[in-house]
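Next come two complexes built around chain A: one with chain B, the other with chain C.
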Partner chain A sequence: MSTPGLILSRRQTFAFISPAFAIIAVFLVFPAVWALYLGLTDLELTGIRAVMPEFVGLSNFVRVFQDSFFYNALKISLVFVFGSGIIGQVGLGLLLALLMHREKSWIKTLVAASAIAAWIIPDVVVAYLWVAFLDSDFGLLNRGLKLVGLGPVNWLFHYPLFSIILFNTWRGTAFSMLLFSAALQTLPPSYLETADTLGASAWRRFRDIILPLLKTTILTDVLLITLWTFNVFTPFLLTGGGPSFRSEILPIYVYRTSFKYFKLGYGSAISTVLLLINLAFALVYLQAKRRQKKW
Partner chain B sequence: MRRSPIRLLPVKTLVYALLLVWALLTILPLYWVFSTAFKSPEEARGYPPTLIPHSFSFRNLVQVFDDPQTHKSLGFKPYLNSLIIALGTALLTATVSFLAGFGFARYRFRGREVLLLSLLFINMLPEMAKMIPLFRMFILYHLYDTYLGLILLLAAGSAPFSTWLMRGYIKSIPQDLEDSAVIDGCTRGQASRRITAPLAAPGLAAVAVLAFRAAWNEFSAALILTTSDSVRPYTTAIFKYVKEHASVDWHLLSAASFVSIIPIVIAFAFFQRYFVGGLTRGAVKD
Partner chain C sequence: MAEVVLEKVSKVFGAARAVDEVSLEVRDGEFFTLLGPSGCGKTTTLRLVAGLELADSGTIRIGSRDVTRVPPPERRIAMVFQNYALYPHMTIAENISYPLRLRKVPADAIARKVGAVAEKLRIEPLLLRMPSQISGGQQQRVAVARAMVQDPQVYLFDEPLSNLDFKLRLEARRFLKHIQRETGVTALYVTHDQTEALALSDRVAVLKDGRLMQVAPPEEIYRRPANAFVAGFVGAPAMNLVEGEVLGSRFISGKFRVEVGGEPGLASGAGATLGIRPEHLELKPAGAGALAGIIDDVEPQGHEQIVTVLVNEVPLLARVIETQRLKLGEPVSLRFDPSALHLFGPDGNRVN
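Up next is the complex of A and B:
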């Protein structure tokens, strides 16, 4: 590996990275720090506490850990992230990329194009699209079920969590699939050809050749997807978190607390806890990556 | 050497079947809405629903832009707003992340990896939580309800991942060319612009398309930080439209959705080759 060494001076480097850091500092870090601070206050959107919020220390956090709504949302978020993020997007994305890898035909184009189509479409459109798709009268899914003598099922009402997991898997699998496909292309074909010649099974090929080479990509993907899925708000447009909080993932709970009950301080505190959970995942990832001694 | 076709055939069929089922499942909801975009209002509401529009027409699409009778239209303006915001974001993101990526790729300093990773994690506070401070900030600095405010915010949101991607991409470009340009009298800045930037074009395209997509699709920030029709992007315009016309006109909503994906489909179709190449070298070969 080549070592670039000191190509740019310290001042030059600063000049190169400062535009990005300036907008990141102003529009990401500053509001984030402000939000962290708000978590330590009793700020509300209306009334006396909107004008004169008081510093309440960690009492919001004490409340969070006694809050049954928080535990409900945490549990649903974990199921959601595991179901739609890890099994759905990463798992399915990897499977699709593997299945497609050595095919050179229309099916590859078709799968890639359809997955990308699902991924590039705006959240709002996708949400309405799924509301329409799952609708008990109008929806195509129930129409299909009727053909085989089932249903109709009011999906969003009876299976809200399953619906948003399905939705989010559908929505995001393309990203992982593209990333894995790109990584697989860097894999020397001779490796797999040798394995073929030796008569290795698909599982052995996967375990002994593909997996070791994809490890870094898989780790990176798992991290990105986990963090994105934890913070995704779009399911709100499908179920609004209901019925009776059965699809209320953490970001929706933050929204409900802040913008429906107007408890901005408490909402910020919940966000901080969410951030800490994300950070914990990031640290696990760093550990795993460090163990690979890639850097 | 190939394995015997007898063993190979069922596996291949199974693989094809699996892929085909997946592709169908992916396309079906899309097809459902976008075929509705071409149906008449009666047919869209009717039961049983039709798979193929009987009364195929572009009337709904026209109605999305202009409808003098019912005034139930979105108009061109929201789409124009979205286009300005998304193009501005893509351009700004590509510029700043190229520069920062260059800095990270060509200069080693202690804590670089940590800085780079903290960049990636910085965006992880839930968007909703940041909206409260952002709202106050935008009012204070007259960025509320402006293109510039949204562009800056969205570019900042895309910058961390883009910088990381660009850094990976630029690292894969040998720096000898820049070195010789510098020996011939270029500054490092000129060399980065004239030598490295053209070579990094696929990476830049990937970054720009990602930022374009993020901006084109942005919803919650646009909902909270814009208020007038002259700035509001089409995502929140559709949301407002649905809220104001309580009875959901599926045919119009479908038509509006159909129109909204055209720019993003063009962007992806045009840049797809670069996009995958850019991802490969930027994210995978890091």
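Up next is the complex of A and C:
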């Protein structure tokens, strides 16, 4: 089937994009499929199993579901995703976007700039900043608490999960805020102004007008943030997953299994489970999006 | 029902004086239009009355109440926006009833009221549809319905017809006027379209750069514009305006000379602008009229022709009703009644 007016024939089009396809295949598709395959072997990083891995079928997966470390990491990941992703990034991002939406002064610029700054600084730098901020002896937070007669608290030791939740919220809120701000910008100002003349309270404006019109954006954001937060590894730079596995989210557990205990096969199997969990979230989201009323 | 009074109201945005010491009195039950080009401050003035903007100085009264600092819902106004601002996720009935639901009016009273208004505006069959499922003209009616259920003392219309195509606009215009007459509620209407302003209004205020240029009934705005700006802005095609100077009883602009008759009320040699409407210029054969020129352009309009005549290098537009064939370059002359001339002084204000 040829469409009139096309500059390139179908074959030419493929010729032009095939280099991109090739690169994607070699560097993205192949490793991903390879990882899936590794999950079905007992490959290790050293020793005889590194040279002669054996195909073990689904036994790795059977082990995953009997592994108390896996359940620990899953539970911590869920709390982490809910706390830093849903409540933190989505919730706070939405709140900030709403507060800033009709603000016209320099405060808006300042808030947006700080949020974006938190977002564009490299991971390692941010992690270091947070280690410094939370340090039990010299950290800014404890210095501040001391002024009001509190502390010091060894945050990373006593509240490791809380610390990485706080860190990841700070780290990623900008994205949600920008996304929601952009969505709010697309609403005609007259929607809210009409509500103003009718005397709708802030809550009614949100519930009756903004929330229904932003539903799709919120769903999209929740999905993206959930997936990203599930897969994020940076908290490792703060706590290393400890102390005693209390902040060991799933990616850190995968890392520990694969590169500390050298069980690459088993680590790949856990990764596959992680992938399936992500897939499940995506399906729930797509379902919700399909049920969205069109107007 | 109430009058709206503005006393020396000003609003400044940054360095721009959007509204500059505007004083107005909209009478009870009047259809009053704010007319002007974009950026003239007409919408800002309307938003000041609505309470969506707060005046930097001056007083706004609705009825006998000073509302300058009163929040919008307590002003008893209802606003209709250019884009209608219907909520896309609510049905038409939900949209219309929204103001009443916010006021916690009982459900049966809401149903009765929405039904009555929908009947009056002939939108009953649409009540269960979504805004995206109805036409622009119908959306406009729904927006008016939502304003009506509020029982306001004043309707505020912000260019409510400019999103409609030409035919619908004429229909909606008549409809709006009819509804406003019937309800007798004071209406403050903003538009940049002078035809609309003349057709709808009891009185028109022309604004430019945040200042009032003239406040008068439509006929007077058209017949006796207070200054050169109003003269040029109101009327289509626009009034012919020629800049020059007055010497004795003559208006002179280069080789262009016109006897203005009587005492122009201007010092000899003073700068002046001469105006005459295209319909007051009669196209005559060469030598028959006071001004000799040649035909430079002809624009057929169906029922008439807009003819550009070059008179001593000054282009003048004339409306010609006849369907006679006119040739470009043909020598002709223009005849006019001196009483139809408008003369504006160096400050732009009318002097005759």
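The criterion applied here is as follows: the second predicted complex is superposed on the first by the 270 of 295 C-alpha atoms of A that agree within 3 Å, B and C clash if a C-alpha of one lies under 4 Å from a C-alpha of the other, contacts with A are read in each partner's own complex, and residues count from 1 in each chain.
Throughout what follows, a residue touches a chain if its C-beta (ideal position, glycine included) is under 8 Å from a C-beta of that chain, and two chains touch if they have at least 3 such contacts.
Quick caveat, the model's predicted, so the values are computed rather than measured.
By the document's definition of touching, of the two partners only chain B reaches A:140; chain C does not. When the shared chain is aligned, chain C comes close enough to touch A:204, but chain B does not.
Of the two partner chains, chain B is the only one that A:13 touches; chain C does not reach it.
Judged by the touch definition given at the top, the superposed model places A:75 against neither chain B nor chain C.
Contact with chain C, but none with chain B, is seen for A:194 once the two complexes are overlaid on the shared chain.
Once the two complexes are laid over each other on the shared chain, residue contacts for A:213 go to chain C alone; chain B is not touched.
Number of chain A residues touched is higher for B, counting chain B against chain C. Note: residues 196-197, 199, 295 of chain A belong to the chain B contact set and to the chain C contact set alike, using the contact criterion stated above.
Residues 1-3, 11, 15-16, 18-20, 22-23, 25-30, 32-33, 36, 45, 47-49, 92, 95-97, 99-100, 102-109, 113, 117, 119, 121-130, 132-134, 137, 152-153, 155-157, 159-160, 163, 171, 174-175, 178, 188-189, 192, 213, 216-217, 219-220, 235, 238-239, 242, 250, 253-254, 257, 260-261, 264-265, 268, 272, 276, 279-280, 283-286 of chain B touch chain A in their complex. Contact residues of chain A toward chain C in the complex are 188, 190-191, 193-194, 196-200, 204, 208-209, 212-213, 293, 295. Across the complex, chain A meets chain B through its residues 2-8, 10, 12-17, 19-21, 23-24, 26-32, 34-36, 38, 43, 92, 96, 99-100, 103, 107, 110-111, 114-118, 120-125, 128-130, 132-133, 137-140, 143, 170, 178-179, 181-183, 185-186, 196-197, 199, 202, 216-217, 220, 227, 231, 233, 250-251, 254-255, 258-259, 264, 267-268, 271-272, 274-275, 278-279, 282, 286, 295. Contact residues on chain C toward chain A in their complex (touch as defined above): 50-52, 71-74, 77-79, 81-85, 87-89, 98-99, 102-103, 130-132, 150.
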